[in-house]
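Each of the next two complexes has chain A plus one other chain: chain B in the first, chain C in the second.
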Partner chain A sequence: MMLHIAKDPQPAALATLVERRAVGQQRWLAAGLPTGRLESWKHTSLRPMTRAMDGVVPRDVVPGDVVPSGETTDAAMPATQLDVTPLEGTVGTLVLINGRLNLALSVVPEGLSVVDLSLSTPDTVGTIAPIDRLEDALSARNLADFDRGVALLLDANVVIAGPVELRYLHDGAARATESRSLIQLAHHAELSLVERHLSPDGGVHLCNHVVEVDLAAGATLRHTQVQHQSEAAFHLAKVAVRQARDSRYEAQVAQFGAAIGRSDIEVFLAEPGASCQLDGFYHGHGAQHLDNHSAIHHLAGNTTSGEHYKGVLDDSATGIFRGNVLIYPNASGCATVQLNRNLLLSDRATVHTKPQLEIDNDDVTASHGATVGQLDDDALFYLRSRGIPTEEARRLLIFAFAGEIVAKVTLPALQQQLRDELTQRLAGL
Partner chain B sequence: MLQIRNLKVKVGGKDILRGLDLDIPTGEVHAIMGPNGSGKSTLSYALAGRDGYDVTGGEVTFDGKNLLDMETDERAREGVFLAFQYPVEVPGVSNKVFLKQALNSIRKHRGEEELDAVGFLKLFRAKLKTVKMDPTLAGRDVNHGFSGGEKKRNEILQMAMLEPKLAILDETDSGLDIDALKAVSAGVNALRDPTRSILMITHYQRLLDYIVPDRVHVLLDGRIVKSGGKELALELEARGYDWIRAEQA
Partner chain C sequence: MLPTASPTSLTTPPVPVQAVTTPAVTNPAVTNPAVTSPAVTNPAVAHATQVNAPMTPSAPEGSAARQTEDTIAEFANRGYDAGFVTDIAADSLPPGLTEDTVRFISAKKNEPEWLLAYRLKAYAHWLTLEEPTWAHVHYPKIDLQDITFYSAPRFKEIKNIDDLTPQERADYDELMKTYEKLGVPLHERSKLSGVAVDAVFDSVSVVTTFKEQLSKVGVLFGPLSDAVENHPELVRKHLGTVVPYTDNYYAALNAAVFSDGSFCYIPKGVRCPMELSTYFRINAAKSGQFERTLIIAEAGSHVSYLEGCTAPMRDENQLHAAVVELIAMDDANIKYSTVQNWYPGDENGVGGIFNFVTKRGLCRGKNSKISWTQVETGSAITWKYPSCILQGDHSVGEFYSVALSNNHQQADTGTKMIHIGKGTRSTIVSKGISAGHGQQTYRGAVKMLKSAAGARNYTQCDSLLMGSNATADTVPYIEVHNPTAQVEHEASTSKISDDQLFYLMQRGLSAEDAVNLIVNGFCKDVFRELPMEFAVEAQKLLEVSLEGAVG
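Here is the complex of A and B:
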């Protein structure tokens, strides 16, 4: 079997960022918005987005067209919408308004270097997230056009004492933003990072966001990603991770918001001993469409990966899980576990789940599975037979289902917020 | 406490209870015995209000109220408790959270103040002692990974916590070794009370050595066909059910 993607996570030697941006522009103009003709976009149509964002996102891209990016001047966000209170237990908070860093509202912890990408850009930006595939046209567009975001750089052996939050506040001015972050950890550095996307005013906007993570030998990143934008908004996020020897990447993804939310994580386990664990939870209601994609490339031997996503879908919401684990010909001694479980609370809710393994090596331990089900009638009857009202019993069972993933969020204040959010969303059951 | 008149129940379109009559006065302990397929579990589930157990006729009056009009959880709040033959595992829900929620739902219904965490734990620890249950086990997820005996003990712990007016024990003795049977029986006996009625549903007489009933009823083909004192259980153990069937014919 021939593996058809990404032989090398580092695209061909493109010396400068300017050159890479130009290639990104070409890719984007050639490919345009992804459509259902692509396997990885089969179940996610961006048509509702182009309709809602008329004039901001092009309906069709004709090669040679110049595609306008989002507005470059941000209207000031009203102070009432600026929730900049730090999460308890964090040691730093960087506030980004419509993707643009606002240093005055931010607290930067000691030991962490922060670069405002709207002012200057490290040369390493754009070397990890793939842009040479049709599926990744949005990453290409982002590379071509991003004009905001941050780079977080940690020197070797530096361990930041507590979690740092990147808080993205989006307004509803129907703008499309191209934001990017680069998280670069030198060898044996450690960071717990929380990225939260919030839209306080509940309006329409599109956030096309790319995160590049570069972990040197022995580095560890815990990366909690909370997508909690307005349910009229559109969130398209690509996270690309390159891992050197013995590095560790842990992601906890929570998707609650957006009309269309897509979390796409791609990990390149490039050297022996590298490991990653991706955990995700999504709760969709109304007509929300929450898409969770991932690809884990075992490029080197003795690399391990694990993936555990759970979804709860109500009303006419749609949930998608597609996880691709690829084990390359020379990668012996790899281990991977992949599991996706879904709970459908309504007969109009939909889930598409596709865990996938592509193995080009015999010396591998791999398991994968997916389930789609409803609340357990026996358990529901049991709880009710003890006097617990039906709605409360349903909530208890949904919490029990979600709890396993929510518990992976190690920051207590954030874990509590996620539980509260879930409680609130389940209140109408 | 409980009056059942001409109760008819279908399961999966099949008639299982075919006109069952039963009276359990307040404070009494009754046992229903019967061979497999006679409708014992159907009776317990129908009284608890489980979906799929369709009542097609008859009346059930509980504490002066029409039980069949109530939802499952309402029946429990009114004071009906079913100890399951096969208690359900609920991974992810801690036994304490579950019991606190159940207890407070019932207390609220009775017009009593809800217990806070401290008050709940105090009661919980006291009741653990009466059923001799391992406290670490009791704090885990509901029945998850429990042995058969532990599950039954957990049922009795719940019963002790929730203090029902009517407890229905559905084959509580099944799958128990003698030590577990003694412990569970002691827990039930501790709950015997002039204000509480207990209905034991069992296949075997041995449970009745430990929990001595006031009355014994024989359930056959969906009807109570014979009632008597505790000595009836011994007779059933010795002679089986065929002689009763013969009497009926």
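Here is the complex of A and C:
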């Protein structure tokens, strides 16, 4: 059992950030870049990344070292690439260039407190993403080295009327960034957050990104994460969520970009009544490697979770799903449903799926499922018999397959964008 | 050996070396590697005293839930009736494992040079390996230097029963009684004549029945050591081809020190006229059982093979590290059923067998089929993954399993289906029942290689939890490299609900019967696959083993 995770991941006496950074540093130095020897990195090798980023990713960071991304050339991104047009329907847009907040280009909605982490860092940062786990060397490194990012704080009972976008624009200057964000919602606050990672110039870069979400009692966060970086880029994201009583966390993850893209979500349902729903879609083509990890810890009774991930893999792309649901000994009355479905479109594409349950309590209802296959011949035949050409029929079916997840994105403009993107990607089929 | 089979995929990556604890040699008098022949005396711990330490009832006195708990507790304490010790003279090797042990076992069996060389190679390889730790089981480190690697009833060396001394004769009779007590038919006149039995007692095979009838149709069935003597070409050709000694730690160990086991060869086109069966019995204290089973089904043949196992109740753990290899040629069909009832340890988790077994079948030919059915109720720890390598086009692999862990039993079991051939199909149905402090892990891998066009897999693994201390984990690995392959995996975890119990009890069933009925229903899909005699036994076994189970 993985009982070594404390029931409340937040340390009783909050160490200072400086102290925690030192611990993270030690952890990172001890563990180093994850390798295939770790179960959670079994199918994802970071070697292509270290090769591509040679000289950029320091293999060993000594304490006190300034990370190479400490430069201040971020604003060098040409204005033509700075797409800051807000998505229709959003009430605010925060623009982050290479992970650094640019307030001049941003629109902050009323009621939302924004802290630029490159200027000042609240001591609450770095307390949720647990660094006491060996396999999480990357968040340890991030904690030690992050020098940019944003904290969003919402007071009790504040409900932001519409979605707020965090737009991350990455340039291709072969840089490695360590960015972090903290989203802290006081009790019964509510926020819809869209987080998009884009790289307008299509270059090589590495972004090691950690998001901490802290939801107090009754708070609700809808968190749409779109990873659409350049296909030469490397995106390593860890989202750690701690949920208090009756809080709700909903994530929609879409992975389209990056040479190696990893989305790792870890949710701690720490008090009764907390619930979460993680939905994800990944489409890989070329030689993309898209990895979706999640762990949901049912630490308290009467917590519920749901997970629904779908993947479409073409060319020689690799898709990975690993979802772990852990129900702890005293967590009675939990319910969890987990489903992963994959479509393989090419004989060089690969899928690894591992829906995993660890249950230490008998009063649960848990189920999970996984499927891997190709398009249903009968469905294809049906469409063709209605006069739809094969290619068109295939596209329709894939579109419908993905549509189930895309439909969970609540912002219509973004939903449409995702559909357009998918249409474009499937055009060459 | 198949390079594609990736035999190490479930083995752990090397971990930092742990110092091997020096053995506390319990018998310092025995230092010479030659065989001593102590009459094994009945160990003091022949039966674990039934200390009734029921779980502290959590429900209030007199309530329905409390009643259910009590029934379950009572149910659970019914005990293990195969836990007796047979008191016979045995030839045993002193504890410990060195190259000499390997040479001794080989010499004892008059093995040809090539087999000794194979053993030594395996031993040398084993020395380079680390004990794997990735499984979800916990146990004290096994001190292999404290284990006897060879123990055989002494009379075995005399081929003719009439030559036995009175003492040996008495031992022989005692042994026969043992099997009678266990309900294993060793007399050919026995009513259960549909089954040919190879009885393995500690390190050797003692009796094989119906050998002649079987040889009439060309079926070879008997101890592996006999096969090495009489059909060395067959053994040499196939031994280690499905489970190479490089496969994993315990397979390497087994390849070095395997003592006996069953060998079965079904010639082309023969449908084996009766069920074949091996009954494994561990008797000697402080011994490990390392047997090896090899079944070869030639083109168009058909065989159904059963395996049963029991051991005495002892306070110390004993290791059983077997290897089973199945080979099915074109259109051949092998059905391998196991009812595993090794001593599970007492209700406090003391004693019991560590069942660390490597079982693998190779569907080498077209349209071949290998079906594993297992009912795992015994063993302190069960750690095994009966697997199928589906190499031949359109070959079929099946795995049906019921694994029960009660009290402090642990099970990390499942299967691997490796699809290589076109149109290969596999079905996995796994039912895990976890009661008391039982710990249950389903771990399975389904691999569709690039060549496996049109392959299909269906997996269903359900867990039933009884009691709030029981745990159930599901860890499926699915890897697909071919777009025309289809894989489906489904799993659920639940408990016996109060509603279900109430419904049955208000129909007049006792709580005990109600639990049995529900559990049987839960396991039905698997029991249906067992040969009839086994299905009945399995059902009974489950009833006995399910103690203290419903919460």
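The rule is simple: the second predicted complex is superposed on the first by the 400 of 429 C-alpha atoms of A that agree within 3 Å, B and C clash if a C-alpha of one lies under 4 Å from a C-alpha of the other, contacts with A are read in each partner's own complex, and residues count from 1 in each chain.
By definition in this document, contacts are C-beta pairs under 8 Å (C-beta built on N, C-alpha and C of every residue); 3 or more make two chains touch, one makes a residue touch a chain.
Quick caveat: nothing in here was measured; it's all calculated off a predicted structure.
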{"item": "Clash or fit (per the criteria above) of chain B with chain C on chain A", "value": "fit"}
{"item": "Which superposed partner A:Val107 touches (first chain B, second chain C, both, neither)", "value": "neither"}
{"item": "Chain B versus chain C as contact partner of A:Ala22, first or second or both or neither", "value": "neither"}
{"item": "Broader residue contact with chain A after superposition on the shared chain, chain B or chain C", "value": "C"}
{"item": "Touching partner for A:Ala217 - first (chain B), second (chain C), both, neither", "value": "neither"}
{"item": "Partner chain in contact with A:Val84 - chain B first, chain C second, else both or neither", "value": "neither"}
{"item": "Partner chain in contact with A:Asn361 - chain B first, chain C second, else both or neither", "value": "second"}
{"item": "Which of chain B and chain C A:Leu383 touches, first, second, both or neither", "value": "first"}
{"item": "Lowest inter-chain C-alpha distance for chain C and chain B in the superposed arrangement, angstrom", "value": "14"}
{"item": "Doubly contacted residues of chain A, that is, touched by chain B and again by chain C", "value": "none"}
{"item": "Chain A to chain B touching residues, read off their complex", "value": "376-379, 381-390, 392-393, 396-397, 399-401, 403-404"}
{"item": "Touching residues on chain C, where the partner in the complex is chain A", "value": "13, 134, 448, 450, 463, 465-495, 551"}
{"item": "Chain B - residues contacting chain A, complex", "value": "48-51, 71-73, 76-77, 81-82, 84, 87-93, 97-99, 101-103, 105-106, 109, 141-142, 158, 162"}
{"item": "Residues of chain A that touch chain C when the two form their complex", "value": "1, 36-37, 39, 329, 332, 342, 344-347, 349-374"}
